[in-house]
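The following block contains the structure, expressed as structure tokens.
Order as written gives the chain letters A, B, C, D, E and F; numbering starts at 1 within each chain.
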């Protein structure tokens, strides 16, 4: 696992290539499948998610999708095969347009909050860092939305 | 289990009362949960279905819902507790408006097909019996929709 | 259909009672089911939504849920039976806690936007009116989020 | 945006190639995401849809999928990045088998309705134009299904 | 919040009554809604889960469902209104059949694991405690399923 | 259709290539779409499943996904176009890592049950054959889980 996740670092490229892994899970409980998402994210997956699917024989099953750097294929495949009940993993390569990004810090009455700033052509978007906002909301015992609102009001 | 399912008999009432049972399933595989739907339908359930839900600890789980005649509560509860991993079943009573119904038979080039005729106020609706249509489609090796189309064309 | 929807008027009560209607739809196409939501909302439903469900015989079906004032039961039942393929509708009564609400207007560089203000105990929340924001975004050819951000910045 | 959507024109090809765009959305409300589908369809997307997904940290999120002509990649990417909260878009190329199609008009008691006729090998399918049927149903104050039924009965 | 959750204690009753709370969320991001599940569970909810729903105006929204002891109605309502964007909460009472339960401990090569034993009529079911199994799997760096298998093999 | 499905035979390869077919279905009922899954599996599809999607114009639709051997493209495409309402099918090629597998038989008090044994690197997993377990459960009138438990206990 070589690179930090995009969401947590400054990015200057505008495009890259990723590998998307999929596996259908119909013989494992929700309870035992759940920890796999965090496990994969902790080991370098760029993203990982579940989709509800309806399989043969009326099975209310789950599709696991994992997005990774191509170099991590072997390591992530090993983790999926070890920690889920699937007997196979399928792959496709996808190109990606990514918005170059940097971080700024905004001072609010709930403390300092990092804000991710992303750009593309004439588009500029600001995303308050979720973990900072959640920590601030808990520290001040306010609703998470209060913190987001405070950040938005400092963005002028 | 005392009554036949509504969908398979002539009905003259316009309202009744049913019991709706629910259970959340997060510690059983899709594979082993799947046969439960048929099992419940075969034992008198009026309807039974799965809904995808997202539970605590990021579990991609399933809610089982079963609609029954109130008199079947004990028998169906037993089946759910025996054949799923749930440790409890919850109940609510619901009133129901139902459309009185009778059957007619339509002759098509794919054979005779029963059609359910339902009425309410000035509304009249025709529903070709799915099992008849599927059997006819297989017997004549045509798409299911061909059979439905043939039935619709005889409804004039 | 007697009352305007809560979301569009000043509300002073803190609780009321509603009727929740449900019907499972497995013999109607998505295409023909879709317009029913708007039809129901236009005829006084407080809310209406679809949920994906998995029924007997592996049917990837839809549950329609409609929330109404109890006085509208007959009229809404008629519409559901007329415009969907279902042959029955089931009902449950639910109590409701509602946040008393009034409206204020906020002036932004994209024009005036109404904001719904709701209260409960020491909680106060502000919700910019979606339709106002969407109209402003279109009129100024900006992203919807730009308008929301402008509203949030005037809420101080 | 150069071509009209397949669904609205005569098609003679039997295969083409499309670009499929995807983005996961977890930091935007359903309310503000909803108008994006129409926006994309109005700007040349061949199709666009939402799928419910379950992301890291127990987020009940949405995957946006958009199918386009490859030549529209830049324009559609711009719209997604501008109107959603995503910071990246991923792409894959897919080949497509398409059924050549033409239109016929059917006269019913609810007026003239266009019907799309598609062919492939020995398969022939008829699809009444949804917009024509909906308009006729509203004009005659009948259920949409009544209009479809009337069309099917003229297809002999 | 008065009682410990059923899943964590010895239970002797065979039935009880719960309150089910629901709210539709269409104006809050998945990111900010996600922490609410844990918050509610930590404050006495018996269960809490999200369901994907499709609301008016094509909104890909979420229904929040919370099951509680009736005595917790006011406290949990407050938390939902404070921490989500909803402006109302609806309630229904449900009866519940619950399986009386006690715990036993099983010794495996991965350490001691608690197992919940539930009974109803002639049904007896064993559920290894998920948290014990997960901790053991992490401590021994094995797949979670290995631990479950080890527990099942000791149940004879 | 040339090869037996992976799940039912001894496999020695560790990788292969498959074709994934997709079609969005919005003008066909759940009832008539349901039999298509079995039809495709019976005709050589490696896997086939439905996903709930939300399309333009608020349609609660279904995406059909089918995984096949590339050599079956023409035959499976024909079946999809014949038996569903879609007017096109899209394709992508995916590589696959598969776990080599063989079968063993385990003797339990419910009879002999085949168990699939799969390997990859240092990973070894055992999957009791679902159809064997279901048949045994029915023959002995016990819950399916009882049979699985009996198999797990013989795996030592």
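One rule holds for everything that comes next: a contact is a pair of C-beta atoms (placed from the backbone, for glycine too) under 8 Å apart; a residue touches a chain by one contact, two chains touch by 3 or more.
Remember, predicted model here, so these are calculated numbers, not experimental data.
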Between A-C and A-B, flag the pair that has more C-beta pairs in contact.
-> A-B
Comparing each of B-C, B-F or B-D with E-F, which pair has over half of its contact pairs in common by residue number?
-> B-D
Go ahead and note the Å separation of the Cα centroids belonging to chain A and chain E.
-> 25
Rounded Å distance, chain C centre to chain E centre (Cα mean) = 28
Round to the nearest whole Å and give the separation of the Cα centres of chain D and chain E.
-> 39
For chain D, jot down the residues that touch at least 2 other chains.
-> 27-28, 31-32, 35, 37-38, 50-52, 54-58, 60-61, 82, 85, 92, 123, 125, 130, 143, 145
What residues of chain C sit close enough to touch chain F in their complex?
-> 25-35, 37-38, 50, 52, 55, 57-62, 85
Chain C-touching residues of chain A, taken from the complex the two chains share = 52, 54, 56-58, 60, 123, 125, 143, 145, 149, 152-153, 155-156
Chain F partner, complex, touching residues on chain A are 22, 24, 27, 51-56, 61, 63, 77-78, 81-82, 85, 87-92
Counting only contacts in the complex, chain F reaches chain A at residues 6-7, 18, 20, 37-38, 41, 47-52, 65, 67, 92-99, 101, 116, 118, 120-121, 123, 125, 127, 130
Give every residue of chain A touching chain E within the complex, in rising order.
-> 28, 31-32, 35, 52, 82-83, 85, 130, 134, 143-145, 148
